[in-house]
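Provided herewith is a single structure, encoded as structure tokens, for subsequent inquiry.
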Amino acid sequence: MPAGLRARCAEARAIVRANTPVNGEYRLLTLDAPAEVLDCHPGQFFQLLCPEPEGEHPYLRRPMSIYGYDAEAGRLQFLYKVAGAGTRGLATLVPGDALNVLGPLGQGFTMEEGWRNLMLVARGVGLATLAPLARMAQQEGRRLTAVCSARRADLAMSVDLFRSFGAEVIVVHDEDGSSSPEALEALIRARIAAGGVDAFYTCGSSRLLRLLQTLGAEYGIPGEVAMEQQMACGIGMCQACVRPFREGDRRVQRRVCREGPVFPMAEAIL
Amino acid sequence: MPAGLRARCAEARAIVRANTPVNGEYRLLTLDAPAEVLDCHPGQFFQLLCPEPEGEHPYLRRPMSIYGYDAEAGRLQFLYKVAGAGTRGLATLVPGDALNVLGPLGQGFTMEEGWRNLMLVARGVGLATLAPLARMAQQEGRRLTAVCSARRADLAMSVDLFRSFGAEVIVVHDEDGSSSPEALEALIRARIAAGGVDAFYTCGSSRLLRLLQTLGAEYGIPGEVAMEQQMACGIGMCQACVRPFREGDRRVQRRVCREGPVFPMAEAIL
Amino acid sequence: MKDIRSKADLGVTIGGLRLANPIMPASGTFSEDLSDVFDLDVLGAHVLKTIMHEKRGGNPVPRVCDLPGGMLNAIGIPSKGIDDFRDRMLPWWERYAAPLVVSISAHSVDAFARLAAEVSLPGVAAIEANISCPNIEANGNAFAMRPDTTETVMRRLRAATDLPLWAKLTPNTGEPVEVALAAESAGADALVVANTALGMSIDIAARRPRLGNVMGGMSGPAIKPIALRMTYQCAGACRIPVIGCGGIATLQDVLEFMIAGARAVQVGTATFRSPTVMARLVAELQDWADAEGVASIEEVIGTVIRPEGAGA
Amino acid sequence: MKDIRSKADLGVTIGGLRLANPIMPASGTFSEDLSDVFDLDVLGAHVLKTIMHEKRGGNPVPRVCDLPGGMLNAIGIPSKGIDDFRDRMLPWWERYAAPLVVSISAHSVDAFARLAAEVSLPGVAAIEANISCPNIEANGNAFAMRPDTTETVMRRLRAATDLPLWAKLTPNTGEPVEVALAAESAGADALVVANTALGMSIDIAARRPRLGNVMGGMSGPAIKPIALRMTYQCAGACRIPVIGCGGIATLQDVLEFMIAGARAVQVGTATFRSPTVMARLVAELQDWADAEGVASIEEVIGTVIRPEGAGA
């Protein structure tokens, strides 16, 4: 096990500051968290011990990407979609409630020196994962284009947030066909032709990943993807969360929670 | 199954009006309950579907004697001691919460025409069970003496309640020795000698029951006792709650939830 | 087919017996007493507490204890005996149209067969052979723990009665499929899968078992994954119908068992938490089937998709 | 004896091996990775994920699913093989004083015995034979389902190594006591009781099993009563120590198993809910023993009071 893969993480008690609906499907959870869990990196995640909603008993923790973190303010944020028992439990939290969090976990995004023009392409909850990356890009003075894909224009979250981080935001959606693979391909090719793209970042859609893999290979543009898998432990012990990856000619299994959730785009196998 | 043993009961949603500590150990739960569950009789009980306290998962319902009921006001009351997971769950209820109740269940106390002078002897939570009996005695114009036994004088609950039902209340407790079997025996013998006792009612202590069985046999005084047993269904289906009873020369098993919880004092086997 | 205006047919056939719907009680968690709470004729069938030939007392108290997600019981089989059954219980149940299923048990093959003959009376629609109760014999052993003992007892029961004969299996075996196949080959018309799992709980303050009988049967939602697995295994291996039982409490549970291969289900411990649960499940299943446009609930049975390349 | 000022001794002896305390992880729910979270030397022992001789991939995803009170897993035994164990893992674990227990498994008796010899290396304190994993062989069968296969494999393992040898039993059997006695008579130094219970769960919307492998092992608090019952049965029947395992998450659970007869306990799934739980249990057990005035935690083992006249 390479020393680089070891991360400091802790099980800690956070206090809910706010837990508000963002649009019909998503909620933003803002926590006051202790310093021991706030040495975060964009792309990392937490394992949340969700409270039990009426009549349901989620047992395992639920993985959630870090949407926002601020060590000085002692602040930690998650953007989540209510999907099942665990997230229904999260939705019951009110300000002042305690929440047991475990993190930060996994390997975050990397940003090589030479990558000046970044393009971020995300759909749905994938935007949550990429939000802290946008902030880091701004801090490091990179130019960022964020393509946000959604079912409807009004469901594209975080547009303002990405803009506030200085990104150029392009919203594409299903209703006007702008989110179709063909339309997106044309859009990205045009961008590459125009100003150049040094690296891609993506999350939340296999279709988007496949498109970026193709374009990346064609133009020699590197990239990273944040992946998901059913998890149990979240820290590397149980081998639940494996996915196959290309490693040269070989096909290897990697743990999303430990070697990931961020992986080199070209190595991901769908 | 004798038709007389069939009781009307229902599973209903009640709303918490108040849930307040009575002394260090007991709490009084007051509910707004629908009419379908308010055709109650003193000595009957409910099966409460206790909410889950943090980290615990009581599964079965918990039996609780009816402490107070008022069909006109739509009011139902329980007096409970926090003992384990289920009652810890009850203690979390706040006004406005819903509570699923099943009842009224079981056979209550009987009061024969000729029983004019009643003596009620109870300890601990047994007082909860006997409270509605005191009210019935008042309504039916019987004379009632209530002997309330407790560890300390200040722990004797419901004294005021019994007084408000016109009972003469005698508090005995462990600290001054007045609750010892010998002291109590002397007290009761004196009462029998003085004014006469037509019937005993008791609940909450094997020691008290044994004493009353002895005195009852000696003086030919009938009586009734409300008994407890671990329950599952509470309505007679599972055979969990049996206890042995004397039936003439035979020893029979009876279900506390169905044939009881009130039984003729002389038939109880300890 | 998909006509949302018409009502779905909830009827299912279990080895020759037609049930109006697939919801019935589990033995030992049901009795006349429940008629205080709802009209028992809404159920697909009525299954009585196991009876034995002789009058017997059952186990010492405490007979039950509470668990997270369920309970333990060591009721034993307190039984008023065959005379009480014939003279008192059977006439009482005549008031209902729903078929009456009589659960029986015994300590020997001979006594079991005799009892099967004795309960084969007018008014009895089927016999459920409780060959799996973990409390009756020492150390929790039971006929249904092994294929050979299952085969022997079921063959004798088959010869003793013309009524539809159900075998109730136990999860306390390493060979559930072999046991199911043994019951089938011996002539069982259906399998009830399954009884309680043998468990224990200790009161650490008192250092005593929380059951008077030390060990007892675990039931309720906690055992659902085990019962569902056995239902899937048995339905896949046998041609006779499987009736799922173990932890069923919600519409989702009913559907999970039926999708896994159960033609009907029994509801036990859930009735203790909510005595009206079975009536609610019948109504919810109707609503679900109507909304899904299912013509007959039998369409749902065994529709689980087996992933390719799965090991088991 | 009862001196509340002195610290209770939490040390326990398991078949010749002295542990500083009775708390250790269960195989497959523990790895180097947990050293990120707390100092692993607070544990009584370290038990590694089962290894097999060859490199292998494990089961299809999803490999886990959540249940009320626990989970199902069908991880399989993805293994980097014996070379990786010898060259990379074993040196890594040398940093700790706590004894290292290596769990091994194989598909045949021969391969099992060869692997036992191969892992009998300096730095290995004991071998845990996973003869009970329900996922490796078709239909969830395993050596530990029957006394005869248990006896055969354990005898060969006993001959292959001089290290303390533990046998890990399965709840998926109708004969747990016979299996335990077979392991004992074949020379096992201790029993780990028990592995996961075979279960299943279905996603009713997708009509698919929620595990890629269809069936999988159930673990967590939901199986505790079953594992506790087996611990009580095995500790009562055998002279070799029993290590309790199954659903242990709290100090109460630890005490329940020890009172039932376990000399030590393994904690599995609870670590997924709270990765620090084992460290907390060690501290809580110390506090409890100190407060109770227990001189040695071994005083608590097997102190359950068997009620008179109980059936089993």
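Things worth noting here:
Letters A, B, C and D name the chains as they come in the text, with residue numbers starting at 1 for each one.
Basically, a residue touches a chain if its C-beta (ideal position, glycine included) is under 8 Å from a C-beta of that chain, and two chains touch if they have at least 3 such contacts.
Treat the numbers as computed from the prediction; the structure is a model and nothing was measured.
Setting chain D aside while every other chain stays in place, the touching chains sort into these groups: A | B, C. The chain with its C-alpha centre at the largest distance from the centre of chain C is A.
With centres taken as mean Cα positions, chain D sits 33 Å from chain C.
Centre-to-centre separation between chain B and chain C, using Cα means, comes to 36 Å. Taking the mean of the C-alpha atoms as each chain's centre, chain B and chain D sit 48 Å apart. Residues of chain C in contact with two or more other chains: 67-69. Across the assembly, chain A contributes residues 57 that each touch 2 or more other chains.
Arrangement of the chains shown, judged by which pairs touch: a linear chain-to-chain path with two open ends.
A complete list of chain pairs in contact reads A-D, B-C, C-D. Residue ranges of chain C in contact with chain B, taken from their complex: 28-34, 36-37, 49, 57-58, 61-71, 73, 75, 78, 92, 220, 269, 271-276. Contact residues on chain C toward chain D in their complex (touch as defined above): 59-60, 67-69, 72, 74, 76, 135, 138-141, 145-146, 170, 172-175, 177, 197-202, 204, 206-209, 212-215, 218, 221-223, 225-226, 228-229, 232-233, 252, 255-256, 259-260, 303-307, 309-312.
For chain A in complex with chain D, the residues that touch the partner chain are 1, 6-11, 49, 56-61, 85-86, 100, 102, 229-243, 253, 258.
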